[in-house]
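Two complexes follow with chain A in common, the first pairing it with chain B and the second with chain C.
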Partner chain A sequence: MLKTFHKGGIHPVENKFSAGREIRVLPPPEVVYIPLSQHLGAPAKLIIDRGEKVKTGQLVAKSTGFVSVNIHSSVSGTVRKIDQVQDGSGYKRTAILIETCEDEWQPGIDLSPDINTDIQYSPEEIIRKTLYAGIVGLGGAAFPSHVKLSIPRGKHARALIINGAECEPYLTSDHRLMLEKGKELIIGIKLLMRALRAETAMIGIENNKQDAIRHLEELAGKEEGISVYPLKVKYPQGGEKQLIKALTKMEVPSGGLPIDIGVVVHNVGTAFAVYEALQKNKPLIERVVTVTGKSLKNPSNFLVRIGTPVINLIEAAGGLPADTGKVISGGPMMGKALSTFDVPVVKGTSGIVILPESESKRRHVKVCIRCTKCVAVCPQGLEPYLLMSLAQNEYPDELEMNKVMDCIECGACSYICPSGRPLLDYIRLGKAKVGQIIRTRKN
Partner chain B sequence: MDKLLTVAPSPHIYGEESIRKLMLGVIIALLPALFCSVYFFGWGAVIISVVAVTTCIITEYLIQKFLLKGELSITDGSAIITGLLLAFNLPGNLPVGIVIIGSVVSIGIGKMTFGGLGRNPFNPALIGRVFLLVSFPVQMTSWPVPQGFMTSYTDAVTGATPLEIVKEGLRNGEQVSELMDRVPGYLQLFYGHSGGSLGETAAIALLLGLAYMLIKKIITWHIPVSIIMTISLFTGILWLINPQQNADPLFHILTGGVLLGAIFMATDYVTSPMTRKGMWIYGIGIGIITVLIRIWGAYPEGISYAILIMNAFVPLINRYIKPRLFGKEGRYGKD
Partner chain C sequence: MVDTVLYTIISLSTIGVVAAVILYIVARRFRVFEDPRIDQVEEILPAANCGGCGFPGCRNFAEALVSAESFEGLHCPVGGNEVMVKVASFLGKDAVMGDPLVAVVRCAGSFDQRPRTNRYDGAPTCSISSALYTGETGCPYGCLGLGDCVWACDYEAMYMDEQTGLPVILDDRCVACGACVNACPRNIIELRKKAKKDRKIFVACINEEKGGIARKYCNVACIGCSRCFKVCPFDAITMDNNLAFIDSEKCKLCRKCAPECPTNAILEINFPQAKPKEAAREVKQDDEEVHNGKSVPKEGNGNN
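Showing the complex of A and B:
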């Protein structure tokens, strides 16, 4: 029996067109826009000025608190502008515009293709370097990684869970990374284990990535404490709580964190970034991005410099198809629809999915027939139909009582609804309202 | 870019389900029982089914068009299901006029008064049936003996249903073992050769429909299984206590529309609970009330009333029975 989580879940069509495409390095673009806020938490503080020359990998903005990270230049060139630029979320944020000339790297960064297997850092050093390198969760949430590595007093991390589920349809960046950078990944995992003082690491990979499972099993077999677990294909298996449940049978308490039950989850991309930061002294300035879509000419996986405009990626994958209706940053279940192609790739950009016109419109909303499908698919044990009507009618107390804040916004309810009801839209509104109330109550 | 991109919150892809597909699935699941009823009751079954379905569709259309003035939804297929289910609850020789009245009541009072699909608290087909049962008790309880296309629609030979035979007999002080000789055997009940309403006769056809709906994930097993289990247990206990005064569980399951009710009427989306636990409570409630009516009530069968009574409890069940929250023993809300 393959491991999986047991409550709810759906099986969207996988459509992983780019699964067989090797990661291609995309050369630095002519200009990059590097937003100062690419992560959850406080934006970084600018430490350079307009007109200054920067090198690839140079620190350009410093973290401003515990939940905040450094930002480095992803190219070498001249800072032309510091401006408000729209990013994938649709909001305008302060970004540094750098005009590229040649690719001159900051000294001290190891660019050789050799794999450095020699681990010589203490846990504290690993956390410090992770913070310095500006590493965030690369699965999409972009939560600063050093925060997850800093275990609160009195807690103990028994196991590190590495998220290779990649349960979103279309996306293949983690899949390719596991296949092509397996050795580096394992070293990254060992570094994370040391930072957490965890004895075991469990890599969870969905069963539709057989080659990656076999490859990592082979590599992990030589290591102490690292094991690979194939998982039944089910969305949202890559959700932190669902993945922990699938691998350990434990549930993160409602309102709690994984460390409350002694586990920490990191994405495979993050583990690779940690390897590069520690063993190669290379900050997080590039990442693997899947560019895919049914009518796209060459669905691809690119290694992209942070700040590259999305349009460059689409051009490199064969250009925008004529029937494009929607362009999504991230996966089709949880990603954000883009309104322009000028938005830059940020640390949390796992993919660009292009949907044809015919699939990009919302469905006609009909009445709720109380078929119970939304309740059945909710992985958090909530009642989406009820939360939607409570949010529509603005009953914040009832919403809180019915645990609206436990919603992980996976979208399974909206996906399954036979009446095409926008369940998650309203649940998000309800969450925002209840969140506001909780914050004022605490103050 | 000469055209604008669509921007909307996630999710950006959707499943294949739609109301029409689900309803079509239920209609397909009803087909075996429909064929059986035509096979056993001939033209009567055809006429009643066609009249009921047509009247239901027309009633819904007229009310939506001229009274509610809202979006027309008759293409979703739910009126067809109500019509078919109502027909399945009627005797095979019921006059057309009464069928029309029942259909108008089902859709008009049972469904559209509350605002249409998704808003009605009671199963519309059962509202129609119960309305007819209290308004036309004689016509509604004269059951034609199944003779296939030989069954005359207007002038059929009528007989009592197996449940009526047993109930009458027990009231007259007879023993179950004697009465069992006068009712059809289990195999006959299973294949449908017995008196009764159109849809309740052939157990095998109804079970085929259940299997189809389970495979297609239109319904879950919880409601049918909980009802059938409860009735078996309850009547089983009574039967063990006194086999001469109480019929055995299998007899109860195969007669009087228990399967029709458990599979098609109680599982109506709109009028059944939203959670698995709620479904169990609802099913157990239906089972207990059915047996109470059958054994101690005035009617020989009771599942229609049992379902309607439990329909009334559904909002209460939904309010208090919640699914198990992921990571329930949490801090959230406590601090």
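Showing the complex of A and C:
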């Protein structure tokens, strides 16, 4: 019997077209746009000026608080502009525009392909270097990793959970990373374990990635404390709380953090980035991005520099198909449709999904028929139909009472609704309002 | 049989009498004194319960009026000065005259002027569209055209113009309650001082981008060129973040600024025909048509 979480969940069609494609390195583009706010928390503060020459891996913006990270230049070249650049939603964010010349790396970065297995850092050093390298959670939420590694006083991390579930349909970047960079990944996990002073690490991988499970099981067998668990294929298994439930049978309390029950979850991509930052001295300036879609010529996995415009990726994968209806940044379940293609790849971009016109349309909204399918599939045990109508009619108190803040925005409710109701849209709106109220109450 | 009926009647009547006595005593002992004037003031108020005065409803406003020392800051936008004078004379206080206001939509980005660059098919409400996306055009400031303001209006004073994709306000019905101002997630709607014959002159744009960028997505955007600012003889125009704003308190409706505007972002409404400077001023014409008493379409607004 495979492990899984038990409350709710759905099983959308997987469509993992790019699972068999090796990670291809995409050369640095002619220009990159590096936004100053690629992570959750305060935007980084610029430390370079217009016209300055930068090298690949050079620090260009400094973190401005505990929940904030450094940003490094992903190419070498000249800073042309510091400008407002549209992000995926169409709003402007401050970004650095760098024009690339040849790829000259910052000295001290180890570019050799050798794997450095020798771990010589203390936990504090690991956290400090993670912060310096600008590492954020690469699963998509882009939460600064050093915050998760710094355990509050009085708490203790018993287990580290490595998230290799990749439950979103279409996406395969974590899958490929586990297959191709398994050895590095294991070292990254060991580094994370040392930083957390955790004795065990559990890697959770969904059962549709048999090759990755076998590969990592083989590698982990030689290490003490690291074990691999195949998981039943179910969305949203890659949700932090769902993964913890699946692997440990423990539940994160409402409003609490995983560390409250003694676990910390990191994505496989993050573990790999930690390996590169510590063993290779390489900051987070590139990531694996899946570019995929039904009518795309070459669904692929690319290793791209942060700041590469999305259109470059689409072109490298065979160009935009004629029947394109929507281009989504992230997975099809939680991702966001892009309004323009000049958007840069940021640290949190896990994939670009191109949906054909026929599949991208929303269904016609009908009335709620009280079937409670949304309640049945909610992995957090909420009542989406109720939250939607409360948000629609503006009852923030009731929303808070009904635990709207526990919603992980997985979109299972909107997916399953036979009436095609935009449940998650309204719940997000409600969450934003309640969040605002909670913040004002705290101040 | 007769006994049962009799006993029932007697026992129920006894309970009734006892309860009545208790209720009478309780009502006398715990009577809450309430100023009778509150009820009377409430009767004078329009009973719209719109919240335009800043209180949840007319009764709360009446309470505030009765207990207030002076009427400073208390104004019923629906009843206007007329009602406030009535209330003041009833309560024997001095009425504070407020300027009548009217709502205006500060965006002229109609379908012709602001081409659609993408399509939004999510939940049809501006609040969600604004929170997640910039809408269907490149302008991150302009009207989203999904009609949250029309939904918020209790007075049927607004409707969506299907030709332009923008909301239209009917001046004679607008009571300046401010519901649309609060409903608009982009703060496009503003309450402005009502002038003679409903004349208005305002900058129909809130785009704070630099000129070139603003113009890229919309032909009638304010580009922050300051020409109106320089020409204004009354210092009514302020320039802030590449955006001109005409203060309705200071504006004397001299109409010097509008012809200066290179993008026709300044709208003049309800003025007699101006000397024709440029032929095409479609947006303005649309609005004028409306103010000349076009009927309100009943269907087609919103998400039901």
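One rule holds for everything that comes next: the second predicted complex is superposed on the first by the 441 of 443 C-alpha atoms of A that agree within 3 Å, B and C clash if a C-alpha of one lies under 4 Å from a C-alpha of the other, contacts with A are read in each partner's own complex, and residues count from 1 in each chain.
In this text, contacts are C-beta pairs under 8 Å (C-beta built on N, C-alpha and C of every residue); 3 or more make two chains touch, one makes a residue touch a chain.
These numbers were taken from a predicted model, which means no experiment stands behind them.
Once the two complexes are laid over each other on the shared chain, residue contacts for A:339 go to chain B and to chain C alike.
Chain A has more of its residues touched by B than by the other of chain B and chain C. Contacts of A:212 after superposition on the shared chain: neither chain B nor chain C is touched.
Contacts of A:425 after superposition on the shared chain: both chain B and chain C are touched. Looking at the shared chain after the overlay, A:361 reaches both chain B and chain C. By the document's definition of touching, of the two partners only chain B reaches A:379; chain C does not.
By the document's definition of touching, neither partner reaches A:61: not chain B, not chain C.
With both structures placed on the common chain, the touch criterion links A:90 to chain B and to chain C. Shared contact residues of chain A with chain B and chain C: 90, 336-337, 339, 361-362, 425, 428.
Residues 117-118, 121-123, 127-128, 131-135, 138, 140, 209, 303 of chain C are the ones that touch chain A when the two sit in their complex. Residues 84, 89-92, 336-337, 339-340, 361-362, 365, 422, 425-426, 428-429, 432 of chain A are the ones touching chain C in the complex. Across the interface of their complex, chain A is touched by residues 1, 5-15, 17-19, 21-22, 73, 76, 78, 116-119, 220, 269-270, 272-275, 318, 322-333 of chain B. Within the complex formed with chain B, the residues of chain A that make contact are 7, 10, 12-13, 90, 169, 241, 245, 251-256, 324-328, 330, 332-339, 341, 353, 355, 359-363, 366-373, 375-376, 378-383, 385-386, 400-403, 405-406, 409, 411, 414-420, 424-425, 428.
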